[in-house]
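Here it is, the structure, as structure tokens.
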Amino acid sequence: MSWLELLSVDLMVAGIAALVLVLDAIMPSKLGKAVGWLTAALLLGVLVATFFVPQTGTAPHQVYELSPWVMFFKRVFLVAGILGVLGALEWLADKTPRRQAEFYVLLLSSVVGMMLIPGARDWILLFVAFELMGIPLYVLAAWAKGDTVLGGKSLAAEASLKLFVTGAASSALSLFGLALVIGTTGSTQIALGGGAVTPLQGFGMLLVLAGFGFKVGAVPFHMWVPDTYQGAPTPFVAFLSVAPKAGGMAALAVVLLGGWTQAFGTWAPALAVLAFASMAVGNVFAIPQSDVRRLLGYSGIAQIGYALVGLATRTEYGVGMTLFFLATYVFTNLGIFLVVHAAAEDMGGHSTKVLAGLSRRSPWLGAALLVFLLSLAGIPFVVGFWAKFFLFLAAWKAGLTGLVWAAVALAVLGLFYYLSVARSTFMSDGSGEGKVRPGFALTAAIVLCLAAVVGLGLYPTPLLDASMSASKAFFTLR
Amino acid sequence: MSSLSQFVLLAGVLFSIGLYGLMTRTHAIAMLLSIELMANAANVLFVVFAKAFGGAGQIFVLFALAITVAEVAVGLALVMLLYRRYDDTLLDLANEARE
Amino acid sequence: MSPLLTLAAVAVFAPAAAALLLVLVPPLRKQGMPAAIVTLLGSVAAVVSAGRILLDRLGAGHAAESIVTPWIIVANKPLAELGLLVDGTSATMLFVVCLVALMVQVFSLSYMSEEPPAAYGRYFALHALFLFSMNVLVVAPNLLQAFAGWELVGLASYLLIGFYFHKPSAAKAAVKAFWMTKLADMGFLFGLLWLFVQADTFRWDVPVSHELANVVALMLFIAVVGKSAQFPLHIWLPDAMEGPTPVSALLHAATMVAAGVFLVVRADPLFALAPFARDVMLWVGAITASFAALLALVQTDIKKVLAYSTASQLGYMVTALGAGNAFAGFFHLGTHAFFKALLFLAAGSVIHAVHSNELADMGGLRKKMPLTATAFTIGALSLAGFPGFAGFFSKDLVLHSVEGKGGWIPWVLLMASAFLTAFYMGRVLIKAFLGAESSKAHHAHESGPAMAAPLVILAVPALGSGFLGAWLASSTGHEYELHFASMTPITATVLGLAGLGASWVVFGSGGTAPFADVIARLDRESWVDRSWELGYRRVMLGAAAVLGWFDRYIVDGVMNLFGWAAIEGGQKARTLQTGLVRDYAWALVAGAAVLALVGGLK
Amino acid sequence: MSMLLSTIVAAPAIAAAILLALPASQRLAIRVVSLVGAIISLAGSVQVARLYDRGVGGLQLGEDYTLVPSLGIHLNLAVDGWGVALLLLTGIIIVTGVLASWTVARRDKDFFVLLLVLVAGVFGVFVSQDLFVFFLFYEIAVLPMYLLIGIWGSSHKVEGQGPFRFAWRAFQVGGKEYAAMKLTLMLLVGSAAILVAILALWNEAGGTTFDLTALQSHHFSRQTQMWTFPLLWLGFGTLAGVFPFHTWSPDGHASAPTAVSMLHAGVLMKLGAFGVMRIGMVLAPDAAATWAPIVGGVAVINVLYGAMCAANQTDLKYIIAYSSVSHMGVVMLGAATLNPTGWNGAVYQMFAHGIMTGLFFALVGLVYERAHTRAIAKMGGFSHVMPAVGAFFTLACLSSLGLPGTAGFVAEFLVFLGAAKTQHAWWAIPGVLGAFVTAVYVLRAVKTIFWGPKPSGEFAHLTDAQRTEWFAPVMLGAALVVFGFWPRFLLDFIDGTSATFLNRIPQVAEVFFP
Amino acid sequence: MMDSIATSVVALAMVLSALFVVRAKNLVHAVLWLGISLAATAAFYGMQGASFLAGVQILTYVGGIVTLMIFGVMVTRRHEGSSVPSGHKNGFRALLTSLLFFGALAAAVQKTPLEPRPGAALQTTPELARALIDDYVLPFEVASLLLLAGIVGAVVIARRKDLETPATAEGRRAAMAEAHAARLAAMVTKETA
């Protein structure tokens, strides 16, 4: 057995990317939507395959370590990838028919990058994987470069440049920090080992934390989020808002909990501050927003704050809950962006005003949006409730009572704007006419998300058990 | 103060200069230049530490260079996009999302 | 269950069944006459049972029979019980109530015949409800059941006063009656609560300390003041005359208003331990007796004369109770029930004939309505304490019991009231039945047998029930003695005759009462009424307005403030996000620098 | 294992799921399905009352399904005596509520779905024996209210006054969306407090189980109790309308559609009081005893203040809404007594007030649907045209002012008696005064609306209750009288459970259960 | 001694040229200063014994990136001529923040004893090569994927032909020029206000 087998899933995804690229080169104009369907189908195949490939193992030189923890993330990223592909499929074929394949290639590259993160045990691999996840996103954010976006302004350049500049800057920041940390130890292993943390290392660690903080959109590294969410193509934002976040969280977990376990005195307070600031800023800034994508951007900042609380627990329990949170967040946030996308395409804009009366024009989309909103707000029998509740349980158990207080209070504030969206889309009748009819792939993606959100809301145990055993594996192996 | 500390501070100065540029520049490419300065400062640090403590610092620099190249390629493409969209390369122009 | 209790149960539940039937089967009620028949059947059953019980009690001394069942359970123990208590007092009261009720209902058959069928049915349904409620009160084995009955008769009173609910005045009077009595009933409730907290029971005859007895008795007496229209809560009773006249006869003269007196009689063991409460009662009763008698003098509405007279007579009873002679009060209650019901029914007959309540519209009716006139005269003489009539005996007993109490002042007040009573009754007799015929009286004629029969039947006890005193006393376990030769009865008789004579002198020639203007002002612009009105409008509604404003604009305002702060805060905050990349970069760097600073200095 | 309780909870939820599958055009089918779901729940509740062995007491008819094994969360359903009473209440209210909503015209499918979801939550709360599941159902019961009021509610306008006038700019005070948002946010702030308390209790009990019986047997440290109890009190209390957190209630009830007001004032507010007693006082007994003076003090404010505010209202729904605030004060007062008399009274008042206020709102809905106004000053003489409505309204008023023979009396009497038995006997005084003030404003309302000359003009041709509209008044009115005359139908259930719970409060147990 | 003087000179060059990069008014000059700074860095690498890196630095940075930048500047410049304003705003705030950062670093350096580990040696070029294809072969492969993605991305974005015909592009250009003037004017008024 070659150690490449450990990477079979990642190789398969990379292979799909290559296949798509080649197909596009051979017959560029004949593919149409087929390329999207093919990608989705193959990704689904990979998702199925994840259950039949080796689940544990270590690559030579301790560069990479496969475990249920890693497999959990891989599946999350694959699901996000499938849903992202399905959600974008029709929009791509319609709006940018001549560069569909490239979209999938870049998306898949990013997915490969993400999938490598949770298993990385070496800084070099982690850093490269992290960048592999990030760089395609800069490009994808600018995808709608030519067309006039709904509402009249093309925001592609703005969306991608803001993402890029802040992203590149934070890369540089974490690179500098990394130099301080690993330069002084002389080893590229993430695991720091024992011994006291020197001030210089502490300095570096928090720079690295800042760099990761950018990717997950934690305050104060969050500024790009609303602009990018608003300007980038919505189906892509659906993907952007969940998968890289999960990737960033995985990196944080690998580094902080896996590598710098002993140095928690340095980073734990900072993490708590980031968590609090994210929850506070996200929830407060979201209130006056009228563009749903922008509102969801701030909401995403707040949601990441909750997830950070889970990491701040530093317990197996808390990490398990964070995994559960992230996995459900994939369905919820992807779902809500896809619904907004579907609605906006037919209603002509993303503002709450334009989306008013959605549930009159398409009852099931209106209901779906409501369900996703409730899940984000943490209302029972949709999965978001469990996610939040579990996190709070873990945090309280870990003694982070202050953070729980803040989180609970701010969650109520969050309800204010989630309900405002619901008020517009579900309650008011609006003025427009005509049905809202998303395409088949988009419908399929939304229905999948909806089924997951409701199904897991009714019976969260399978996912919770998977999260817990992933977390357990992580803590056993570290 | 040992020469090592001085070299760390040298890298720090370079990095801070990059930061300064990042925060003051309005031209997109000028910002890119500042980011290059920052990355370069980090590389300097790697090399300095690699010499003092051994380890794979140089390898890291090699990877960092590769990544920087990719970033710059994408970045410049985005600057072109900006230019095409606004007929200029001032980043301040890209401020239409917020209402 | 003994036969006696079974009979008592019949007396209670026969009207209840009638009421329930009429509620549950709307067609029956809406037909009118069937409803009357159902109610009457219930009442007849009740009267027969009550009569049978009374006969049974005749020779039984004051032995009581009772049965109870747990009604409210707390901590696995019965906290409150419902049941039947039959002794001399309740047997007598039950019979009086049922008989008068039946008479009034029979009278109503004809009196209310002009009502639409639905209203007619409703009327009788309410009567059944009332009789049930009153009987619940009468046979109550404990204070709590008495309270339940007490409140229910209040409800019946409210609904019956408001029977003509389309008339704003009737609506107002009904609500006023309920409010005033409910206000007073808080005393009952507090008394109950306090008694139970201290003594852990609701029994009538619980042995308690003087202190507790005083407090509880006073509380209960507050309720009596309301229900029995004592000063200063008497003001609802005249207004209650807005109800149909038979209702006034039954509820607001004979039975319901006397419930207060009955309550005190029942709770005599408690009141016996409460000398202070008794003193209060003595004074309140005496003041009410004289004050109401004075006001009765100037009323132009025949029913209002009778209403004030009722308040006055209730004052007599309360004074007697305050003087410590419960039997005197109870005896007067019984005789009063008959003669006052008779008076009201006779007045109803007159009103029915002339279609007016005003004395001015009557006059010279003795020729047109001889039977009615005779009945009214019997009632009036009985009320005035004419020797040999029922009222004479009971009033004598009351006056006798007051002798020497409170420095003779209550006695003097009651004596004065005795004079006034005769005086104003003489006035009514003269104005209504003697003298010249008014235009309205011209077409008056005697009513049918349904109205005549009750008058005849009630005239009998109004005349003769005074002679039953000794028997009543024995069956309720009291001493009874006649004192004809002493000063009190002689004075009272003289004053009564003097009152009649004076009225002949004053009113026979068409004159008005002396000081009529003064008294009238006392009545119409009654400071009592106005004080209550002020209390309601200014104090209560004023406080309500202040609190309502406070709730809407301060409490709610603070909540709105939070919402406002969230929205405004969000609006203000969004300006922090400038949209400029260099600002984003700055935030990024500054954040990282601060973090790193902390990390480096740790 | 009997499936009775899960049937009761699931029936409305399944009915809602069926409704989702029905096309919106099948209007009759939608109603019939809803009604069937509600009736199954009611019948189940009646069956529960029949099967529950009062002699044995305690938890019965238990069902246990594992929900999240790793966290010790079980869908653990069982009823105690309180549960029986409140299940019956909920069953009655939802059946009558569905019938009272028969005429909802706009988006009726959505309406019934939300209504049924809400009521499933309510049933769930009353039978949950797992703290987590309890909270889960509690949240479900709260949230649909937002949409129900926001979509089907009615609006009016309240101009700003007073020192906080400026805050009126931020929203349309009095509007249905304002009411819905205020209600939801306030209630969810409450749930947030509850959540924190639950976390703390769970953690201190070992962090392995949410089972209420297990938690009950754990003695929490006094320190934890002292701060979790107020959280639970105010958290649940917000839903129970505890002053000054009652302010969502008048606007919410006034804006809500008929059935929603019925359910909300009739059942949901009870959820709050139930939570305070069942969770707060039972799990934190020491703190409950210590805090009782404050809980009771605030409760009497509620009673009197609510009544006085009601006396100042000119809008019929506001009158009823404030009366709910006042009556829920009675419940909380009963709870604060911490003696079996007061607790029996509190639970009985939950039932009595639920029925009574359900009747009120059903009738107000009837009147409003016909007269299209809620300003009582505009009404008058309605008994001429709708005598039955008038009669039932009067009946509700009588129960409201605590007339013997109605359920309201038994409840209030027990509460006042319980209050008088505590060291704070003065509580009974404002309590009884509140009942008097109630008499003033309800009878004034009857007089103004239903009495007086025959109405003319627009109100001349109003009609009495018709067809399905009869059910709600008849059922609820009958319940008021039946349970007023023979309280033991319920009290026997309630009593045993009160005693069990009170035994947990040491100071109380000594006195009452030596 | 000679060593340290040479190092100081190189370091000075690095810092000064970096300063010019961020302060130069003309963007073209800034890019050229960056080239000098990077070249000085390469010299520094050489002095530190990392000669392979020095070579790579010259090739990729000075030879590749700087050229690319110049190219980018030229393509996106608005007017003919060699001067491209590079913009400079919020200098004071940025200065303070940079100083804060540097101060923090200096404090951390001050508090950290930094003594070179005896015997530690820089990897030689063969060692580097071996590490790259043995220890770090996985990251190496990933980096190739990353470069591929970067290239694909850059091409996709830079490519102009997607949806536009030359005519629409021309129209859009004209419209944009107008809009641009308006925006600039607005920015100026905002600044002055």
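Just so it is clear, A, B, C, D and E label the chains in written order, and each chain counts residues from 1 on its own.
Going forward, contacts are C-beta pairs under 8 Å (C-beta built on N, C-alpha and C of every residue); 3 or more make two chains touch, one makes a residue touch a chain.
Quantities reported herein were computed from a predicted structural model and do not represent experimental measurements.
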(message) Top contact pair of chains, counted by C-beta pairs?
(response) B-E
(request) From the Cα centroids, identify the chain that ends up most central relative to all protein Cα atoms. (result) D
(request) Could you work out which chain's C-alpha centre is the most distant one from the centre of subunit C? (result) E
(message) Suppose each chain is reduced to the average of its Cα coordinates; what separation in Å results between subunit B and subunit D?
(response) 63
(message) For subunit C versus subunit D, what separation do you get between their C-alpha means, in angstrom?
(response) 36
(request) Give, as an integer number of Å, the spacing between the C-alpha centres of subunit E and subunit B. (result) 5
(request) Provide the C-alpha centroid distance between subunit A and subunit C, rounded to the nearest whole angstrom. (result) 77
(request) Can you tell me which residues of subunit D touch two or more of the remaining chains? (result) 181, 185
(request) Identify all positions of subunit B at which a residue touches two or more other chains, and write them in rising order. (result) 8, 15, 18-19, 22-26, 31-32, 43, 48, 50, 52-56, 59, 63, 67, 70-71, 74, 77-79, 81-82, 84-86, 91-92, 94-98
(request) Provide the list of subunit C residues touching at least two other chains, using ranges where the numbers run on. (result) 567, 574, 577, 579, 581-583, 585-586, 589-590, 592, 596-597, 600-601
(request) Would you please name all pairs of chains that touch? (result) A-B, A-C, A-D, A-E, B-C, B-E, C-D, C-E
(request) Flag every residue of subunit B that touches subunit C in the complex, lowest number first. (result) 19, 22-26, 31, 91-92, 94-98
(request) Note which residues of subunit C are touching subunit E in the complex, please. (result) 582-583, 586, 589-590, 592-594, 596-597, 600-601
(message) For a test of understanding, state which residues of subunit D touch subunit A in their complex under the given definition.
(response) 24, 67-71, 110, 132, 136-137, 139-140, 143, 146-147, 150-151, 177, 181, 184-185, 188-189, 192, 195-196, 199-200, 202-203, 207
(message) Going by the contact rule set out above, which residues of subunit A touch subunit C in the complex?
(response) 161-162, 165-166, 169-170, 173, 177, 197, 199-200, 202-207, 209-210, 213-214, 219-221, 223-224, 226-227, 265-267, 269-270, 281, 284-289, 413, 416
(message) For the complex, give me every residue of subunit D touching subunit C.
(response) 158, 160-171, 173, 181-182, 185-186, 244, 247-248, 250-251, 305, 308-309, 311-313, 340-341, 344, 381, 383-384, 387, 398, 401, 403-405, 409-410, 413-414, 416-417, 420-421, 425, 428-429, 432-433, 435-437, 439-440, 443-444, 446-447, 450-454, 486-488, 491-492, 495-496, 498-499, 512-513
